[in-house]
Amino acid sequence: MFDFFFIIEKLILISAVLGITLFIAAYSTLAERKLAAFFQDRIGPDRAGPFGLLQPLADGLKFLFKEAIIPAKADRFLFVLGPSLSMLAACMACAVIPWGPDLMLFGRTVALQITDLSVGLLYLFGLVSFGVYGVMIGGWASNNKYSLLSTIRASSQMISYELAMGLSLIALVLTTGTLSIREIVLGQPGWHWNILAQPLGFMIFIVCAFAETNRVPFDLPECETELVGGYHTEYSGMQLGFYLFAEYINMFISSAVMTCLYFGGFQMPFIASLGLPQNVVALFGVVFFFVKILMFLFLFIWIRWTLPRFRYDQLMRLGWTGLIPLAIINLLATAVFQLCN
Amino acid sequence: MSDIFFWVFSVMAVVSALSVVLNRNPIYSVLSLIVCFFSIAGHYVLMGALFLCAVHIVVYAGAIMVLFLFVIMLMNLKDVPEFVSKWWHFGAAGAAVAAMVFGLATHLFQSYNPRVIGDMQLKPIAQALFTTYAVPFELSAILFLSAVIGVVALGKSE
Amino acid sequence: MIPTYSYLVLGCILFSIGTLGVLIRRNVVIVLMCIELMLNAVNLILVSVCEPVFVFFIMMVAAVEVSVGLALIARVYRKFGTTDISTFGQLKG
Amino acid sequence: MIKKYWSGIAASLVVFCLFLVSISVFLRVYQTGPFEIYLFNWFSVGDFSVSWGLLFDTLSALMFMMVTGVGFLIHIYSIGYMHDDPNRGRFFWYLNLFIFFMLTLVLSNNFLSMFVGWEGVGLCSYLLIGFWSSNKDYLIAAKKAFVMNRIGDLGFILGLLVMILTFGSVQFGIVFSQAGLLPIGHISVVLIAILLFVGATGKSAQLPLFTWLPDAMAGPTPVSALIHAATMVTAGIYMIARSHAIYALAPDVLTVVLWVGVATAVVGAIIALRQSDIKKVLAYSTVSQLGFMVAALGAGGTHAALFHMVTHAFFKALLFLAAGSVIHGMGGEQNMYKMGGLRKLQPITFAVFLVGALALSGCPPFSGFFSKDAILLAIYQVSPWAFGVLIGVSVLTAIYVARLVFLVFFGPLRSDVHVHESPLIMTIPLVFLAVLAATAGIYHPEFEWVMVIITVSALAMIWWVTYSRYAVQVKDDRSDGFMSLDVVYSAVIVRPILVIARGLSTVMDQIVLDTAAKELGQTVVQSGESLRRMQSGSIGFYLWMITASVAVILIGLSIWPF
């Protein structure tokens, strides 16, 4: 009944995926600082290792060895639960991303995906909404008014932008006809990327992705000028590290999701006509996938150091009176288009 | 294998449901209810209703429970006495529930006919929703719309 | 593997726990949550007899009920300053 | 600019699209015959089930086209008429809702969904009559219309029940084919026919339920034109025409229908003679013309009735809208004795009004002549007496129409208002309607030359006589209370009942009944007092009661051996 090799294969895959995710998330913190320095004509961190390449390691060790203070009036259990939930939700999203085409190893077909859920898109959507809990619980448990305020901001912002995100996803599902991420990727070979069918949907989605990851220009929950440090004001040590790290993981995952949904995932144009062996094709696919993801990560960082932050009411107005009607129009147009076909 | 999961999920569901009812801290009640919903979602997976599971999580864990958490955080509910005051209320509640379960049991167990769902696909459900149940479906859309308007009207401060 | 009546029994247990909560809790938010629990118990039984469409309708109604209910509760809280169910008596006939 | 008009434009566009649909439907019905569209199953109770469906045959396609066509023109007109009303969005909302319900009424393939439309148009009428809700009189008029209609609706509902009991269905096809198997004068068929006619009496403003219609003029003028002249009031006519298979089996009922129609025509025309409010004249004239149609139905002249219904829709809508244009120009004045000489100040309105007036009074080249002629012909074959009465009514019609025209458009202006012609957006629909009102008769060009000569000479005489009386030297003969049926009702029914009641109250009530009633009342009050404690307002208590009741029911069910 148990396929021993299957288990081994999946275990290797899971650890590889988690490792790569954490690695990229760690190094995107460095990239963030280096790029910020570049944009501001500074040098940036350069002390830890050559060109500061060991900086993430140093940061991680610092977080690990600092004392994790739990405020006296905080709810101890929830205070610890909050960052853990954030981290968990961020990491769980890796499970349905198809990282590349199938490999042929030792006579077995190895799918480079932890699991191909038939409702993968809904799974991702559920995780996005689940991510709200980490912020809410942590902020409430801190028993600090600034934390609570930014918690309320964060959660209402996430809920508002989830709507527009869901609507743009429904329009995407109308064109692809499937909820499985793998099938969505396979459905856009060569240059037939979904961005061409759903340009407006993609625009809405990327704005919502920025809002869901609390990145500038939507980083109101962590707005230092108004709310001290945001929902993690009271946090320190590794728990704070979890919150900060979860943000970078979310950034990475949402880049991967956007690539899969709208930019063809691991699909590479012209590769099919070269007649290469399948494993090589798969390797190229993985590399190309990561190239696209890195470009999105660059976009995230670029925007952060370029745009100012919204005011809170502007943010809400953009969500409710801008994006949601736009998403509904997009959905209707897509539906009509599909009906005519 | 699925036997073990069944028991795990069932025990989780019952314990967390009891925790919803018996916990004195409303926040913990909400969290217990979330756990309970996740274990019910686990049952759905066991029954092969993957799509229902996903929708269940998106709707309940993703939307409804967030609302509860929101409301409870906004109102500081520490000062409300959590349980009914008179001792006989507990007894009466137990009796009423017992009577209900007895009545339910005698009826349901005769007509209960479980079916193995296997792989409950999205397409047949959607087809049923848009053909056989088209009218209730549209009506529930209207219900939703009126709820949205109603909530906005209620939430507005005069 | 899984006994025939298991889901029915589980559903009934959850349902009665929910009912119990409705009857013995005084915080109206918790009462609403217990009603959600009851609805989910019913959902579980319905899924086990393969009626997915009804589950959808119950979910829809639950979402509507919760949003309107919570809005009402927020309103009542603003007016009376409490969510204790035993203090609401304004609609007395 | 656009912001001010967008609600009207959007609403009009919708109706225009419907009108295009109606034309294509009509052509299809004309070419390939009637067809039905099944929509969905509404509900099933036991063996009885009702489904929604659309039936397109000549009758419904004709109504479809008329409702949307006239409706569209009136929508356009309303854009101009309501342009500075702060609530015009709501107004167009109601108008569109009305069109929806009217089409439900006309296009449904069974009596029950037809009844939904029937109630719906009543509701819209209520909403629109009371549209200017700051005026209390208008609200009372709206309520009156609603209640009067409800009396008729009760008849409709009872008729439906008898129908379901007899035939087990409300589908047109099944009901009519099964009714054909019953003998002539079968009691349930007669009952159905009478009860349905009661319904039609309410909706189509027949004696004795017509008094709501003149009061309904409280609404904005386009509403009067659309609902209370062209569409909703024809619902009763449509319903009787639709169920003529049933009426054919109940000849006695047909006689009743005929004479009710004749009486309504007479009463309406007489009252119209002495009104001073321009819209009231037109309202009573509508009552009178509806009487013509009902009389034609009673005489078995379904085609004549429908023909008159269509032409009447055109010229009465035209007249109302032109009257609206007059009122608009006069700054809201509706009293004809304050008008006069508008022929030079509002030339377009005058021209179209004249067309409508000639059509209404049955002058030969215009549509009214042909349809009225057809009705009179149909009635002559059944009852010469009714024919004679209706000829007299036609003369009365010509008189009050001439009076209206001369009072409004001729002579000197009898007030100091600055009168202006209405904007193009109002006059263009008027011109369209005028063309229709003038030419709609061509589609049924059967007439006797004798009738033409008689009519023309009679009209000429009437117009000559009335000219001197109302245009040259105004004779103030208004008497708004005269023959108002409300007065009659109060004298014949309400007063005697009050007198009898007063007499009874001294003898029976105070001595015999009071003690009994007091005791009974005490008991009720006391039991209510004790029951009132059930409604404690406490949600917790209610939840307890619910749970306990469910428990009791469940246990009862399991103990009871079903």
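To keep things simple, chains are lettered A, B, C and D as they appear, and every chain counts its residues starting from 1.
Everything that follows uses one rule, which is that a residue touches a chain if its C-beta (ideal position, glycine included) is under 8 Å from a C-beta of that chain, and two chains touch if they have at least 3 such contacts.
Everything numeric in this text was worked out from a predicted model, so none of it was measured.
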By mean C-alpha coordinates, which chain is most distant from subunit D? A
Where are there more C-beta contacts: B-D or B-C? B-C
Would you mind pulling out the distance in Å between where the CA atoms of subunit A average out and where those of subunit C do? 34
Euclidean distance of C-alpha centroids - subunit B vs subunit D, Å: 52
Based only on mean CA positions, could you tell me how far subunit B sits from subunit C in angstrom? 7
CA centroid of subunit A to CA centroid of subunit D, Å: 64
So which bits of subunit B are touching at least two other chains? 55, 63, 74, 84, 92-93, 96-97, 100, 104
Do you know which subunit D residues sit against two or more other chains? 540, 544, 547
Once the touch criterion is applied, which pairs of chains come out as touching? A-B, B-C, B-D, C-D
Listed in rising order, the residues of subunit C that touch subunit D in the complex are 19, 22-23, 26, 28, 31, 85-86, 88-93
Tell me, which parts of subunit B touch subunit A in their complex? 1, 27, 31, 34, 50-51, 53-55, 57-58, 61-63, 66, 69-70, 73-74, 122
Counting only contacts in the complex, subunit B reaches subunit D at residues 84, 92-93, 96-97, 99-100, 102-104, 106-107, 134-135
Which residues of subunit C touch subunit B once you look at their complex with the stated criterion? 1-2, 4-8, 10, 12-21, 23-27, 29-30, 32-34, 36-37, 40, 43-45, 47-50, 52-53, 55-57, 59-64, 66-68, 70-75, 77-78, 82-84, 86
Touching residues (chain side subunit D, partner subunit C) in the complex: 532, 534-540, 543-544, 547
